[in-house]
Amino acid sequence: MHNLSVGVLGASGYAGRELCQLVEAHPSLHLIFATAHGQRGQSLRIGKKNLTFVATEDAPLDQADLIFSALPHGASLEWVERARAAGAKVVDLSSDLRPGNNGHLADGACAPYGLTELYRDKVRGADIVANPGCYPTAILLALHPLVEKKLLEPQSTIPVSAASGVTGAGFTPRPDLLFAEISEDFRAYGVGNNHRHLLEMNAELKIRGAENDLVFTPHLLPVARGILATIVVRLTHDLDDPLGPWRETFGEEPFIQLTETTPALRDVVRTNSVRISVAKAANTTAPTLIITSAMDNLTKGAAGQALQNANLMLGLEEQLGLAA
Amino acid sequence: MHNLSVGVLGASGYAGRELCQLVEAHPSLHLIFATAHGQRGQSLRIGKKNLTFVATEDAPLDQADLIFSALPHGASLEWVERARAAGAKVVDLSSDLRPGNNGHLADGACAPYGLTELYRDKVRGADIVANPGCYPTAILLALHPLVEKKLLEPQSTIPVSAASGVTGAGFTPRPDLLFAEISEDFRAYGVGNNHRHLLEMNAELKIRGAENDLVFTPHLLPVARGILATIVVRLTHDLDDPLGPWRETFGEEPFIQLTETTPALRDVVRTNSVRISVAKAANTTAPTLIITSAMDNLTKGAAGQALQNANLMLGLEEQLGLAA
Amino acid sequence: MHNLSVGVLGASGYAGRELCQLVEAHPSLHLIFATAHGQRGQSLRIGKKNLTFVATEDAPLDQADLIFSALPHGASLEWVERARAAGAKVVDLSSDLRPGNNGHLADGACAPYGLTELYRDKVRGADIVANPGCYPTAILLALHPLVEKKLLEPQSTIPVSAASGVTGAGFTPRPDLLFAEISEDFRAYGVGNNHRHLLEMNAELKIRGAENDLVFTPHLLPVARGILATIVVRLTHDLDDPLGPWRETFGEEPFIQLTETTPALRDVVRTNSVRISVAKAANTTAPTLIITSAMDNLTKGAAGQALQNANLMLGLEEQLGLAA
Amino acid sequence: MHNLSVGVLGASGYAGRELCQLVEAHPSLHLIFATAHGQRGQSLRIGKKNLTFVATEDAPLDQADLIFSALPHGASLEWVERARAAGAKVVDLSSDLRPGNNGHLADGACAPYGLTELYRDKVRGADIVANPGCYPTAILLALHPLVEKKLLEPQSTIPVSAASGVTGAGFTPRPDLLFAEISEDFRAYGVGNNHRHLLEMNAELKIRGAENDLVFTPHLLPVARGILATIVVRLTHDLDDPLGPWRETFGEEPFIQLTETTPALRDVVRTNSVRISVAKAANTTAPTLIITSAMDNLTKGAAGQALQNANLMLGLEEQLGLAA
């Protein structure tokens, strides 16, 4: 059963710990190492086991069938190359190899973008996959049917107001992330449309031919997990069945749920699902939709989607070890 | 000192209780009654005093110089008329007399709209004032300078993503507002652009000549108090100084703070202030601003603004009894 | 696989919903009905399925191998009898048949008390089991080794300060359980040592020969799930190894974890485990221990333990479908 | 009016910031400096003003009538001496000079213990006051009437289970205090009866002749502010009127409220009040009381009580600038 060996680089953060837990609970994977900068020798309880962190330098890369890198942006690429040279497949959770970030492998190749529902075929055969950012996952999936069907009003502005739980800011002990600072608070951050994830989303939309001004404003929620994006789009024409394009595009997807009722974080946390609902905007002159998209930032937005990609790369069933 | 008598109708809800507390702490007002449907005889601690609710029918309306009505929408207007007939000035916190709600007084007159910063002169001489809704206060103030200066791109969509603490949903024991349902959750509600407050905002914007599609999506936050609105607007032309229009319009306002940093709920809760910040949206082709507006839904969004209006109606200093 | 049929009476509350989820995810059980007073026809999403509530009167009791009753105290016993008459085994989550509550079956028999770790043998052969209350589970397990080994100072007071998440108060829409009332608050309740669960604990301690004044003060936490009990005991004599009695008594128990570090709610929520730690109290003249015991009130404190008992009653492996 | 000059040493922490806010809002005090180690030059918004931190070394100690030291334990005493040498009165919020901590001034003198309700006369004439810890304030006030009236059963154990909001742990960016770690969690800490505050409480109880084993277990709450202590005591004999001793001792105290209903954090946060309720424990053989005591750890437990003491030291009215 547990016949494939997996390692996690950068396992002490929230995404890294989530990866370790998912791997440990996975029926066909076996965790052989987890690295943590500066915490070597410390241990973490994963299910019923105690996991001891090793230094990244000491990780036996060549013994792993697949390695997840949850190392920080900028630091990851070097280790992705090392892991690849050691013969392992790699899922890189950093932004280093994502579209719009100007990263590429030493041989000049680009890694497939691991937005699984859009690039399943490329992921299946890949040795290296660039796992998407959390916000781009929720937002690009929500917009995809309109992009494919060219239903977005050309040149229109697409405002995206999104909110994330604080695990999205990482396990870094910043004073502004202390409980007493976050509880009973809410705020936008990175206001001005220049968040790192905007590059990734714009590059991906451009590839697919969308010509729109994405205006992305993230907010920080007093919750641990979850992302909700609320998107307003002007269409080329009115739709009789607003949810139709999504149903046609995603009807069979195991991890995309299209709902009549507006999704809430509690519907999706601790699952790998994205829930999307669509409503016509009343009281407007232009044909306008309001799309809401909810998912868990640590699961579908990071570790879960990474595992979904890893399953495909290893020839396993895509849904293995993942809750819908 | 405490020479003006005040009553509160509908005092058992969150806005009503906030009113009682503000009146009790006010240097020139004296609370003579507070009514609560179905809770007559029960008492509420306000500061060091215990306040006993009376039935609305038993309130000595004729002994009050001013009466606040925090009765429910639909039920309030009748009591506004009774209070007026008894000789009291009235601030109506319900939607009954607000623009866009088709309400009017028995003599056909309209009550001034108590968005104090815009209608100060009308409020000063009024016997009855229609106190604005919470979302409209945060949003209309944020948009006002652009409307006045005709800087909004005509016919453009104005998406407003706003989030409110749960006191905005009232003190009604609904299962979906229980702590265990709200904690760690976040969701949009009333999706589809037909919230009651949209009528009020559209009516007000139309009066002032704005021709835009307001698309308003409220969200429910796991916090007790506070509203944050994030608004994306396309302009007629680029602005050198994005905050300029607000500074020119609101530079001297005691309860409007224009800030370089993005406002957070914790900056404004338990005050009567609205904080507004403005940022140019990078990475867009059209000139676009992102406006964020934060305030306390129970203070500036309800009881505080009601008191601000009452101060003017009674010939008192506008800021009396209110924290900035 | 899914060969045993199970029904849930009173499925709309927190414990009932948890039961439905556990049964749905269980490899050998199949949920055939779930009843909800006043919500017949409404549906609840359980995993990937939508479950439709039926009226209790309409439940096909005779088709179930085992029925869980999560009906309210006082209302449950009648349905326990009906279910038994229909041929089903029953786990009763109400207090009706628990020790100290004076309830008994129509034939005069008492149901075994389903504190599984203490009464495993009786549960295994039983047709009806009285599932313990949440607080008693955490507290009686924590005290049990000292009782069995007669290490408690006779006649000494045993103060138990315990705190529960708000799901412990049920899914009833009470104003005092609204998010805005509970967030940022904490309080004791039922102060005076006459909580319903005290009867159950005192009856059980008396059966086992302990002669002590249990003084139990529950508190309401601003969290959804979890119970933590902190207990101070005076011993007959000092212990070299404070955790020794627990290790001897519970060393092999799958759902009891004895830890060096003090347990936190986050260690146990969404599991069926109880975590217990023990520390000598420094700076005292009498030999004194401080015991802390943590578990999930909805899992080990209600639905999880009910399933643990059901597994035994049905001849299944005790741990089936339960996370440790 | 604002005629007395005040400085705050160590103003960047939670207690220090609270002090700055209280001083700024005080009718007779004027804040002339606030120091912050490592944050010199940074500013903090206090009410409508921006306060700029200076280095402690650069503070004009000789210009202050009174200085509050909120410096860390161990670092404070040196600055208390310097401030005193510069001619200022001092309230020391650290533990350095508190009973049981072995600290004393350079001249060998002890500072009065600023538990105001017990030592008002000594505080009034003092140049230096040792401000009590947060837990000791809530607990010693709750126990005081029983100690004075010698009602505690000699040699009995007094278990104190107390819980504090996370501001009690300071503004230090520790990973375990991040929002995502604290939310939905609860745990005891420092279990084993050797918390620093125990020394202070035991020293004070010994001075007053109580011979009991205090067993103190603090807990960490997912709230920002507030402390609740639950205390179980065995008495020498039964009391007809359980609250009687407290009423006799504290009946006239402006900041102590004796309540029939159990106090909650929300009753006391942002005030300088301690609320105490007392209940007889039913179902016991020995006469036993359950005492609950609630207050705000940053106000009465730190900055508020410091200001209460400063008012007395400066000859001002004790309640000035403090909410009850």
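For clarity, chains are labelled A, B, C and D in written order, and residue numbers in each chain start from 1.
Following the convention adopted for this analysis, contacts are C-beta pairs under 8 Å (C-beta built on N, C-alpha and C of every residue); 3 or more make two chains touch, one makes a residue touch a chain.
As the structure is a prediction and not an experimental result, all values here were calculated from the model.
S.K.: Is the number of contacting C-beta pairs greater for B-D or for A-B?
M.R.: A-B
S.K.: Suppose chain centres are the mean of their C-alpha atoms. Which chain sits farthest from chain A?
M.R.: Here the answer is chain D, farthest from chain A.
S.K.: CA centre of chain B versus CA centre of chain C: separation in Å?
M.R.: Using C-alpha averages as centres, the distance is 46 Å.
S.K.: In whole angstrom, what separates the CA-based centres of chain A and chain B?
M.R.: 38
S.K.: Among the residues of chain C, pick out those that touch two or more other chains and give their numbers.
M.R.: Touching at least two other chains: 181, 183-184, 222-225.
S.K.: Using the touch definition from the top, list the residues of chain B that touch chain C in their complex.
M.R.: 14, 165-167, 171, 173-175, 177-184, 222-225
S.K.: How about chain B: which of its residues touch chain D in the complex?
M.R.: The contact residues of chain B facing chain D are 45, 48, 183-184, 267, 324.
S.K.: Which part of chain C faces chain D closely enough to touch in the complex?
M.R.: Within the complex, chain C touches chain D at residues 155-157, 159, 161, 163, 181, 183-189, 191-194, 198, 202, 213-215, 217, 219, 221-226, 228, 230, 232, 234, 262-266, 269, 277, 279-286, 288, 290, 292, 294.
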